[in-house]
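We call the chains A, B, C, D, E, F and G, going by the order they appear; numbering starts again at 1 in every chain.
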Amino acid sequence: MTLLHWAVLSPFIAAILIPFLYKYLKRIHTGWFVLILPLALFIYFLSFIPETSSGNVVLNNLDWVPSLGINFNVYIDGLSLLFALLITGIGTLVVLYSIYYLSKQKEKLNNFYVYLLMFMGAMLGVVLSDNLIVIYVFWEVTSIASSLLISYWYTREKSIYGAQKSMYITVFGGLSMLAGFSLLYVIAGTFSIRELIANADLIMASSLFIPAMILVLLGAFTKSAQFPFHIWLPDAMEAPTPVSAYLHSATMVKAGIYLVARLTGVFGGAPEWFWIITIAGLITLIWGSISAVRQKDLKGILAYSTVSQLGLIMSLLGAGSAAFYFQDGDSPLYMTAILAAVFHLINHATFKGSLFMAAGIIDHETGTRDIRKLGGLMTIMPVTATISLIGLASMAGLPPFNGFLSKELFLTGMLSVTEYGIFNLEAIGFIIPIIAFIASVFTFLYCILMFYKTFMGKFDISKLKVKHVHEAPIGMLISPIILAVLVVLFGLFPNLLAYSIIEPAMAAIAPGILSPGEFFDVHITHWHGFSAELFMTLGIIVLGVLLFITFRKWENTAFYRGEQDLFNYAYDYGYDGLIKGSQWLTRIQMTGRLRDYFIYMCTFIMLIMGYTMYRYNLPLIQNLDLSPIPVYTWFVILVFLGSILTIPFLNNRIAIIITTGVSGFLVALLFVLFRAPDLALTQLLIETVSVVLFMLVFYHLPKLKKVKTPPKMKTIKLIISIGFGLMITLGSLSAFSMGQEANYESISEYYTENSKEKAGGYNIVNVILVDFRGLDTMLEVLVVSLAVLTVVSLIRLRFKGGEDV
Amino acid sequence: MTGMIEVIVAVFVIIGVFFAVVSAIGIVRLKDVYSRAHASGKSATLGVIFIMLAVFIHFLSQGEMNAKILLAILFLFLTAPVASLMITRSAYRNGVKLDKNTVIDDLKEMYETDDSKQNK
Amino acid sequence: MMKKPNNMMLQTLARLIILVVLSFSIYLMLAGHNSPGGGFIGGLMTASAILILYLSFGLNPIKKVIRFDYIKIIGIGLLLPGITGLVSIFFGFSYLKQFFGYFHIPLIGEVELTTALPFDLGVYFVVLASALTIILTIAEDDK
Amino acid sequence: MNNIIILPVIIPFIIGAILILLYKRHSMQRVISGITMFVLLALSVFLAIYVYQHGTIVLEVGDWKAPFGIVIVADLFSTLMLLLSTLVGTVCLFFAFQTVSQDREKQFFYPLYLFLMIGVNGSFLTGDLFNLFVFFEVMLISSYGLIVHGGTGYQLRESFKYVIINIFASALFIVGIAWVYSITGTMNMAHMAQRVSELDQTGALNIVAIIFFIVFACKGALFPLYFWLPRSYYGPPAAIAALFGGLLTKVGIYAIIRTFTLIFNHDVSFTHKGLIVTIAGFTMLLGVLGAVSQFDFKRILSYHIISQVGYMVMGLGIFTPLAVAGAIYYIAHHMIVKTALFLFAGATQKITGTTDLKKMGGLLGTHPWLAWLFFITAISLAGIPPLSGFFSKFPIILAGFEEQQYVISAVALLVGLLTLFSMMKIFSYAFWGKQKHTEEQAKIPVGKLLLPILPLVALTIILGFAAEPIFTYSMEVAEEIMNPTNYIESVLKE
Amino acid sequence: MPFQILINVLLAILWMFLQNEYTFVSFLFGYLIGILILFVIRRFLKFDFYLKRVWAIIKLIYLFMIELIKANIDVVKVVLKPKQDHQPGIVAVRTSLESDFEISMLAALITLTPGTISMDFSDDSKTIYVHSIDVPDKEAMIKDIQDSFEKAIMEVTK
Amino acid sequence: MELLMSIVIGIIFSVSIYLFMSKNLLRVAVATLLLSHGVHLLLVTMSGLQRGASPILSFDAEAYTDPLPHALVLTAIVISFAVTALLLVMSYRTYKVHKTDDLEDLRGSADE
Amino acid sequence: MFDIVMIIALSALSIALVLLFIRIIIGPSTQDRILALDAIGVLLVGFIGILMILQDTSVFSDIVLVLTILGFVGTLTLSKFLERGVVIDRDD
């Protein structure tokens, strides 16, 4: 265990302390204690910058389950450090914000911070582990923690719905991912990412390559809310706003991005990887931006915006993966996309974080997030308005904010795709920048809409539940202000991050592209002349404004009338369908009818036995050495069969009981014929007692109804019962035949030889019972006692239900 | 000697089986449960007693005094009347109808008077 | 309710019969090691004998005579084989090791004694008590 | 010394008999049975360690040498099962002390309980096929007694079906015994294994193998022989439902694993990789769908038993050391977790008076400890890492992929998701949502009730975090049972 | 007490029978078992029973074995008669016998002989209800029973 | 003999399975009884029939029938008897509580 | 010859069994059925007796005795039960 391990685990340890802090230090907001941790971790991780920016990695090994290939090896390179900083940095701000957002009187802060810390630790684990299984472990913990945070207000229907939805979708993804990881293990024999990357060629050559890739991507896509798995994200907005800011925009949703980036080294270069990720990203991008315009809830807009932005980053990673095809890191043609991805990842965290916090402030102060009720807040909440304006402008891609820069890089990246000249891109690649363009128009549109509807227009207090609306307390504003400042700062001085953070991250995403000692050229400029990107940006602004002006005319078209995502219906129908379908399936099996159970069981047994007999050629039955049948045996057997076969036809209780008794006596007679006196004796005794018991029990029952079984059912019953009997006969004969063939000496020989000398008894059967196999008899007696105890308790105990638990 | 014994045994068995079969026929043919009890209680018992005597003789001829067989015979004797009584009485008390040829029923009185007593 | 049946004849006979049945049942139990029979068969036969008593004389008169709690007899019956088995452990053998020996007792002669006997006796007790308990429990049940 | 391995059978036998003698004195029975279970637990811990260190112990009961007498065999697998069963038994008993009414206690509750332990322990320990049948019957009849204990209308109705199906299965057991005896002329499993391995008649052996599979599958609640389970487990008190949920099906699974590693390993590609794997898939899937369909705490848990045994059998079906180790790990995990879950259901019922999820809500607010302990256990069941559920499923699934059993592995993963789905259903209905129980009910304390469950929850966590030693152990068990010569030699002393 | 010893001896002999082993050990053992049985069921053994009757009873049994065969021949006739036109009936037969044992014996004998079965007793056990398979004349039948069996039993018991 | 018995046992199984599928408590209970007859006979049959004297050494014989199946069947008989007794009382109580012996009425609904 | 007689006897007894069996089926009263069952028990005694002669073994003599006792106990119990629906009287 190194310090780094402790760093990953520290949030969990802190989480254990939270309930006690909450319980025993009521007067201090628990958040203050929590705050220390991410801050300290942030500073701690900052200390790794020199290491990573010089191209080095830190690797600390720790065995966990080595026999399964699971090691908790913590690994820091540019990519993981970037994420670690995001997690702890945004984490610090979010905790700070939450202290003001969540009232210590009304809220269950212990739950909140436990979930939050769990999440933080898990997230660090995901980004710092080298081992895929450990990543998976932490990955699922983030899903759980996220759901718990969404369900924080657990009495609300919508919270529960959102929590479950996010859990099911992300865990589904996680499980596919696990399958993918397992396939990778099957191919390469390791779970270590570094080793996998080293064996990328081997993996690429495997027939399991594509399945593994798709499965891993399912994990990444669900977590990063890629189309059509994005539907959980808007519903996750039921979580308290700090959570939305933290998990659902800055960190957790980027775990998928992280994974794709991380595994680019394994899968990158394959056309499938390129196409799947790029297309998925672009569809998500455009679907998210178009859907965001439909939303009436501030957080809803932000959620879809996040979806869209995640799609953007994802598509960039897809496009950038082509670099592996060329193995050529020097060309900006391929690396711009990766650069844009990394840069936008950071930028998105800053502006989206601030926007969520602003939305939270508005919600907190006005009691609503519905843009139809809001308006004119500009003068009442000037700070919030400014923060929002900065964030939205950055998101819309306006200069001089950081969003502008990364958006430009994005457009560059998308445009350059058409020039790759591989994967058939020359034919259909042109579609990619077009999608990027349209999506950006809608992004621009919802940014204006959001700002306009919230801060401009008329302020109408009557639509709100609160009496007074004023600016948020300063404590609540600190975090969004810091983020807004970062938006501006990174916008003005993008190269602050260039070689400290961005380049090492790129190097980590594209391992092996550069030779040791080389660095990617990361130089982000505000002005690259009158390029295509610039005209596209202008086009976005013009079209966006146009759409905004005409918004009233088309906002009531069919698609825009509702807020509900079409794919939500799929989820809801799927959910109901799953329950209804399983209910149907269970109902037809668990009918409560013994008859049906027997039909199922016997059919199964017959099928499987029949198949085996067929498969292994039943003529196993051969050369039977049968003992002769004495004439009188026939009499007994015929009478016996007569009595047995009569039973199903009888309709009188007593007749059935007595006929059964008779057949039992005849069994005893058969035992006599087979020279088993002890058996015959026992059978007689037991049959008598049985008949008596049967009579005692059934005499008072109602007369048997003459049931008319439908002929179909009768046929089924007949086929099953005859088939089953036949199966027993054939099975017995083949076993018997094989026994004669094998001709092993039975252990009985020993009993016959030693019964007298070693056990002092002449009746071998009795000697077996009380001596050779005494244990059986002891237990048999126990069985009898047990039956009696049960009978007694059955007669004496007559609960109605609910007497005890 | 053995032949003689065998003949005796065979004769006993034949007689026994004859009675047994007749009793079975009686149980099928006779018209009410009370009459059938006659067939069961006597013929069957007697038939089997004959057979068991045959068995006893058979083993006795081999020098084996099989007392259990004797006991079984004794037991059949002792129990047959009680068994008949119990069955017919329970039939009567449960109202199992007498054959329509029945000419006299003294038992009816006893139960009727008893019932009327209880009614008072 | 119908009048009570007169069980005089049954009772008279039962007195005779149970002597035979009881001795026979004990015989079956003891002779089991060498001829057909054994604890189980013997136990059920004894139960039959006692059942005859119950049938002929009714529950309460028998209760006054046979004052055993059958359920406890079951417990004892279980303990017998269980503990017989333990004895062999104390002598350093495996559980349930049975011993037998022929002993010469003056006046009586050669006698076989075997640990299978207490074992079978346990079986006998359990079966006897079980059969009676079941029948009595059902019979005791109201409606 | 070897006698010690039969004590897990003998102690409850004798104590149970004594409890019958004391049947009218319930508090005395309580004390005695509690101490007994503790002794058994300590004993099985000792045995597990001892066997781990010194190897397989064989006891020839009555000093009749194998294969003629009955042998009791304690190897790694059986001692592990023994340990788990006594653990579950102890926990449930202590839960029962607090929940079960006095009326029950006076009606042989404790003797039945201890006798059930005989059946279970004996089934794990015996090396004789017919003796296994008898132990099964001891277990079954005690289970009949306990499942119908109380005699409510519901219990009677469903127990009847339970009993009937088990009678059917027991009958088939004897059919199997008859067949296998006809072929091998022996009842000793090691001897049988030896003789079977000398034969080359795959077909007839497969028929016998399948009949045994069906028998054990019925006890183990595999597809499509599980119909008896879900409803019958709903009737008895929580402590019993928990005991059954934790133990009974596992005895069937144990028997399948034992016989299909020791005796019927002659045609693995047909019996294991074909038949068992297929059955496992259907079992998992249909079981979990059953759970998805239900809206009752106990019923969901009952259906989950089915889907979970599917995993264990899947591990056997894949039949690599990794998979079998996973199956063994899974058994341990499942016994612990399922028992705990049923006990949670009991604790919840104690508060709300119902197990109907739609009548519950908001327990998280009033009983947070219950909620969170349940939550941990529930997600462990679903296989969420790093709890025991994950480390038991993962090896099986990994082995599935390794053996190119993709379909079954995918099913296993999907079932994990559906398990989570149905467990979250419990959590969201009962613990989230608006409080539906009264304020009086909200004040019902469950702390003492949770006490016996705590060790189980701790174990599911420990089994996850300390997966390495547990997995290594499972691996050793797996390797031992997959290489039966050791077993055969220990028993037959060759 | 002497009676109990007698029973005990009988049981011991019975034991030898069962054992098929006519030795002293067997007798002794049987005697011990007899003590055991008698101890358990001692309260039931209130027979009004004297040694001299034993022989008489055995004699009686022999006597009626003959009757029995006759009876069976009668039954055979009835059974095999093509037309089932006999006239059955239940007849109350009053007896002057005193003890339970005697009455039981009478009832048993009635059952074992031609076409009659004892079906029930009156509350005072003095009336036996007899089912006869063919009752052409009720009084004749009653008289027949009273003359033959009752007398025979009285002779044996008095 | 063994062939004949195998067929007889098959028939017993058939009848028993047929009865298991009926709607009436009694028929089902009878089915269990028949089933146990079937398996007990099977166990005896499978070791060969009538191939020796009764397995009691005091009756001298050249060969004895295989005693082990007898012992096993004895145990099995006793066990099935115990189960039958239990089952009967259970059906009795079921009838008393539910006032029906029709398994169709004893189905219960899936979600109570 | 002797054996043939015995076998014929057995076949005759089997026919008798079948006849009794018919009575069990047609009833009509429960007592009829019990009567027939009782008779079957008795016939079985005879059947086993003949078998003992035929197989020349007295090993079944215990069975014979047991069967006679059981036949009685069974009949007694059943008819007692049918008489009043109670097996064992409690009040007297």
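We take it that contacts are C-beta pairs under 8 Å (C-beta built on N, C-alpha and C of every residue); 3 or more make two chains touch, one makes a residue touch a chain.
Since this is a predicted model, take the numbers as computed values, not measurements.
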| item | value |
| --- | --- |
| Taking each chain's C-alpha mean as its centre, the one farthest from subunit A | E |
| Pair sharing more residue contacts (C-beta pairs) when A-F is set against B-G | A-F |
| Geometric centre: closest chain by C-alpha means | D |
| Centre-of-Cα separation between subunit G and subunit E, whole angstrom | 21 |
| Where subunit A and subunit G are represented by their mean Cα positions, the distance between them in whole Å | 69 |
| Length of the line joining the C-alpha centres of subunit A and subunit D, rounded to whole Å | 27 |
| Whole-Å gap between the CA centroids of subunit C and subunit F | 25 |
| Shared-contact residues (touching 2 or more other chains) in subunit D | 13, 20, 61-62, 130, 134, 137, 141, 144-145, 148, 151-154, 160, 164, 168, 172, 175, 178-179, 181-182, 187, 231, 294 |
| For subunit F, residues that touch 2 or more chains besides their own | 20, 25, 28, 38, 40, 42, 45-47, 53-54, 56, 58, 68, 72, 74-75, 78-79, 82-83, 85-86, 89-93, 106, 108 |
| Residue numbers of subunit G (touch at least two other chains) | 13, 17, 30, 34, 36, 59, 62-63, 65-67, 69-70, 72-73, 76-77, 80, 82-84, 87 |
| Inter-chain touch pairs (all) | A-C, A-D, A-F, A-G, B-C, B-E, B-G, C-D, C-E, C-F, C-G, D-F, F-G |
| Partner subunit B, residues of subunit G touching it in the complex | 2, 5-6, 9, 12-13, 15-17, 19-20, 22-23, 29-32, 34-36, 38-39, 42-43, 45-46, 49-50, 52-53, 58, 61-62, 64-65, 67-69, 71-72, 75-76, 79-80, 82-84 |
| Partner subunit C, residues of subunit E touching it in the complex | 7, 10-11, 14-15, 18-19, 23-25, 28, 30, 33-34, 36-37, 40-45, 47, 100-101, 103-104, 107-108, 118, 120-123, 125 |
| Contact set on subunit C toward subunit B in their complex | 1-3, 5, 9-10, 13, 16-17, 20, 24 |
| Parts of subunit B lying in touch with subunit G, wherever the complex brings them together | 6, 9-10, 13-14, 16-17, 20-21, 23-25, 27-28, 33, 36-37, 40, 44-45, 47-48, 51-52, 54-55, 58-59, 64, 66, 68-69, 71-72, 75-76, 79, 82-83, 86-91, 93-94, 96 |
| Subunit E-touching residues of subunit C, taken from the complex the two chains share | 3, 5-6, 8-9, 11-13, 15, 18-20, 22-24, 26-27, 31, 53, 57, 64-66, 107-109, 111 |
